[in-house]
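In what follows, structures are represented as structure tokens.
Both complexes below contain chain A, partnered by chain B and then by chain C.
Our next item is the complex of A and B:
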């Protein structure tokens, strides 16, 4: 029943998409300034169909209709309701439907909010967007149909991978997809603008809010994924340079670059071609990321059921998107001369772009390099954190300096307040010195990171204060974002340099001494929950210097469906430190392997990401 | 104009190149899975032997006995767990045990064997861990059982326990 309903809806979406394309082509040549009502109505229908389709699948998950293959493979009756719902996008088919839903939704919103722009531009953008929608619907229908039937229907499902049953992960895909998929709108707009010769400033105005909006959600999406990795994977890390994490970072770099260069475009009408390239590239990289993740070409923690035909299909979409946008760009780009630059604000904003592109290329190469070596030389290699750290960190230092100076510059002629800058620099040195004294030795590069991030933090903070005093609240978005970024780098630096880790084998009743901590293994408890059993250890971590005791209760969970062991970290956060404890059983032994980590400033690190994205959010309310 | 054209062609070629790689990479799609190795002959290797300080290769392996390649390190707690079983396995005549010391400090490895006993007929060093990866090792401890024709007949991922010991014993002595 659900299957038939769902499949019919997919057909209806397909038809409405085709008709939008048809009518849009038709009305390009027609007279009249406004887009015909028909297209609005069709778009509204398209949204209705796609939302109903997604809801149908969600209902399938909620009522555990195992006649649907997707539900059977990824759900179970014993699962809590929230994870039944989140399970809808915890798998390839469902997440693709969510993807299409968002794509259609963005299409509709773009149409509704774009009334004031040129008709030809809107129509071409619409056509481009609907071709994208079309290609993904065909992909869904032919290779990843979520409404496939199993006959006879099984009584029980296989269950959702337990490590995906987590609140942070329930919201991670939707947030991330809003960012990813939202970028399709400025891809299409760029195509529309190129074909219809839209003036630069008008283009900037039409996509600016979309860029900020998607950047905001992309940032939050990556954040949620990171939080999940920290709590759930039990390594105590929050970023692993895993290919999939990288795949989400590539469009993010592009969006960040775009968010900055668009200011120059809006203000001065310069960099039009560059902005167009960035618009096209963001979504192309999004599809490229999708390809890397779902084709199984790379191995990573994000294991979707891999299927080479799917990979091939996405590769074709990617190739088409790449070539079509490339040729349209070559044919229609007017090529704009970059005028001689003074050291004005534009230069600084552009420098952001250089860095973003540098990071992008670095991460891209690191991610795809193993594929290249395997295809060309037939050797398997993996590119790990040392590569990224070595290449990226030195540049972050310069980046932070430019980021601090940029906002001080003016659009016309800049004179830097040298005295103020020097004072702040000295202050940053002093703060760095304090860190060195408290935490003892650090490397030269860490010192530089600390100094420059303090510099940025102080500069941005003063900016925020100044704008509040001047009562220009609407202008503080940039300073807030920069402040957040400065804090983020500072806390990553502190966390990276001053985390402590101890590894011991311990049995119940024992006390082990770890430097200035005493770890006591008090007892073990067995409990039963709705869909798993767990072994809970009761530990006491005593800090002999500061004289406090933390109770930590790590778990080993035994899930039944599918039968899996997961190790749940126990984390106690204080203002300055996170105490992170994981335990694993040793075979044939009463001993447990326990890993204790003391990680400074974790909560601050999370907070700084939120501050950074808050900046983007505030920008949405910025009116000139 | 010709300059723009050149850049455009270059970018186009680059795009096509990347796509070709992706396309062939897709066909190449072999997951890193050691289960596939069972039933195949072991691959070529070069490892330094501690006793003789010589390089040991595949052709140096003696073909008269079963061999157990055990991948271990002194820093790996589960390796301590399996150690007693390796000591027991050492007593089986028809089985030669090769210990491959994975990414370890040789001094602490030797100390480990002095303290807990040395079950290995040959101790080989893999300081970078690269050879072990070529063997298809996931992590340590891991062991592979090889027959007289150098064919991998069984893999043991994780520490060897009593059940594994019984199994190896019956496979070798049958």
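Our next item is the complex of A and C:
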């Protein structure tokens, strides 16, 4: 029943998409300034179909209709309701349907909010967007149909991977997908602008808010994933340079670059071609990331059931998107003359782009290099954090300095307030000195990172204060984002340098001395929950210097469906430190393997990401 | 004669290209210094220069944890990685990941002290209950 309903909805989405393309082509040549009502109605219909389709699948999950293969493979009757719902996008098929839903939604919103722009531009953008939707629907229908039937229907499902049974599953994928999929809108707009010869400033105005919107969600999505990895995976880290993380970071670099260069485009009409390239590249990188993750070509913590045919399909979409956009770009772009730049604000904004592209290339090479060596030399390698650290960190220092100076520059004739800058620089040195005294030894490069991030933090903070005093609240978005970024780098630096980590094998009842801590393993407790049993350890961590005791209760959960163990870290956050403890049992022994970590400024680190994204959010309400 | 404007532009293009080459060189050389090779026990045994190279660079050895081989005392975990042809004894101080257990896939990162004995400073296991390293899948298929 659900299967037939779902499949017919997919067909209906397909038909509405095709008719939007058809009518759009038709009305290009027609007279009249406005887009015909027919197209609006069709888009509305398309949205209705796709939302109903997603809801149908969600209902399938809620009522545990195991005649659907996807539900059978990824759900279970005993699963709590929230994970039945969120589990809809916890698998390849469902997540692809969510992807398409968002794509259609963006298409509709773009149409509604784009009324004031040139008709030809809108129509071509619409055609491009609907071709994208079309290719993903075909992909869904032929390789990953969520409404496939099993006959006879099994009585019980296989269950959702317990690692995914977490409230974050309800938040992280949708946020990230809004970012990812939203970038299709400016991909399509770029195509539309190229074909219809849209003037530079008008193009900038039309996509600006979309870029900021997707950047905001992409940032939050990556943030949510990071937090999730931090408490769930039990390594105590929040970023692993895993291929999937990198795949989300690549479009983010592009969006960030775009967000900056668009300002120059809007203000001066320069860099049009470059902005168009960035628009096209963001979505192409999104598809490329999807390919890397879902084809199974790279292994990572995000294990989707891999299937080579899926990989092939995504690769075809990727190649088509690349080739078509490249062809249209070459054919329609009017070469911009390269103007000589003075040291004005545009130069600083452009320098952001250089750095973003550098980071992008670095992360991209690090991610795909293992594929190359495997194909060419037949050696299996992996590229770990040391590579990213050595390449990226030195450039972050320069980046932070430029980021602090940039907002001080003007569009015409810049004069830097040297005295103010020097004072702040000295202040940063002093703050760095204080850190060195409190925490003792740090390396030269860490010191430089601290100094430059303090520099940026103080500069942006003064900016925020000044704008509030001048009552120009609407302008503070940039300063807030820059402030957030400065704080983020500072806290990452502190966290990276001053985290402490102890590994021990310990039996119940034992006390172990770890530097200035005493770790006491008091006892074990068994409890039952809805769909798992857990073994809860009871630990006491005593700090002998500061004289306080933290109680930590890590868990080992035993899930029945599917039969899996998961290990839940116990985290106690204080203002300055996170105390993080994981416990795992060892086969054939009564020892438990325990990792204790003291991680400074974790909460501050999370907060600074939120401040950074808040800047983007504020920008959305900025009116000229 | 080249005008001053053209000269300036040429100069800036040269500087730009030079800078670009430098950056690419920098990225690639750091890449080469920081990659980790992945080997199975059999590859380790059949290779001549692996131990020499491994002196300066860490290595990843992957396979299955042999049944009954995990041995724990209060500061160390010892176990045997096998690919069903050759075996390597691994010694490790630290935390093992969630899914580390006998007859499951494992990757150990570290250095050899000799051909049979490996000192690991990191143990990885995949977060998938059914995960076995792709290399072993092939071996299993061939058997």
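In the analysis below, the second predicted complex is superposed on the first by the 624 of 624 C-alpha atoms of A that agree within 3 Å, B and C clash if a C-alpha of one lies under 4 Å from a C-alpha of the other, contacts with A are read in each partner's own complex, and residues count from 1 in each chain.
Assume a residue touches a chain if its C-beta (ideal position, glycine included) is under 8 Å from a C-beta of that chain, and two chains touch if they have at least 3 such contacts.
Nothing here was measured: the structure is a model prediction, and the numbers come from that model.
Peer 1: Consider chain A as the common anchor and indicate whether chain B and chain C clash or fit when overlaid.
Peer 2: Aligned through their shared chain, the two binders clash on chain A.
Peer 1: Counting residues of chain A touched by each partner, does chain B or chain C come out ahead?
Peer 2: The partner that reaches more residues of chain A in the superposed model: C.
Peer 1: Based on the superposed arrangement, let me know which partner A:433 touches: chain B (first), chain C (second), both, or neither?
Peer 2: A:433 contacts neither chain B nor chain C.
Peer 1: Kindly classify A:505 by the partners it touches after superposition: chain B alone (first), chain C alone (second), both, or neither?
Peer 2: Both chain B and chain C are touched by A:505.
Peer 1: Mind working out whether A:391 is in touch with chain B, chain C, both or neither, as first, second, both or neither?
Peer 2: Only chain C; A:391 stays clear of chain B.
Peer 1: Touching A:593, do we find chain B (first), chain C (second), both, or neither?
Peer 2: both
Peer 1: For A:549, select first, second, both or neither according to whether it touches chain B, chain C, the two together, or no partner.
Peer 2: neither
Peer 1: Which holds for A:362: it touches chain B only (first), chain C only (second), both, or neither?
Peer 2: Second partner only, chain C.
Peer 1: Touch test for A:297: chain B only (first), chain C only (second), both, or neither?
Peer 2: After superposition on chain A, A:297 lies in contact with chain B alone.
Peer 1: Using the superposition on chain A described above, determine whether A:566 touches chain B (first), chain C (second), both, or neither.
Peer 2: second
Peer 1: So in the superposed three-chain picture, is A:326 touching just chain B, just chain C, both, or none of them (first/second/both/neither)?
Peer 2: Only chain B is touched by A:326; chain C is not.
Peer 1: With the two complexes overlaid, spot the stretch of chain B among 1-9, 19-27, 37-45 or 109-117 whose C-alpha atoms clash with chain C.
Peer 2: For chain B, the listed stretch overlapping chain C after superposition is 37-45.
Peer 1: Quick check on my understanding: which residues of chain A belong to both its chain B contact set and its chain C contact set?
Peer 2: 299, 380, 503, 505, 586-589, 593
Peer 1: Which stretch or stretches of chain B touch chain A in the complex?
Peer 2: Residues 4, 8, 11-12, 15, 18-19, 21-29, 31-32, 77-78, 81, 133, 158-159, 161-162 of chain B touch chain A in their complex.
Peer 1: Under the definition above, what is the set of chain C residues touching chain A in their complex?
Peer 2: Where chain C meets chain A, its residues are 23, 26-28, 30-31, 33-39, 60, 68, 70-77, 93-102, 126-129, 131, 134-135.
Peer 1: Please name which positions on chain A make contact with chain B in the complex.
Peer 2: Its residues touching chain B are 291, 295-297, 299, 306, 308, 311-312, 315, 318-319, 322-323, 326, 330, 335, 368, 371-372, 374-376, 380, 503, 505, 586-589, 593.
Peer 1: Show which residues of chain A lie in contact with chain C when the two form their complex.
Peer 2: Listed in rising order, the residues are 161, 163, 233-235, 299, 301, 303, 358, 361-362, 365-366, 369-370, 373, 379-384, 386-387, 390-391, 503-507, 562-567, 582, 584, 586-589, 591, 593-595.
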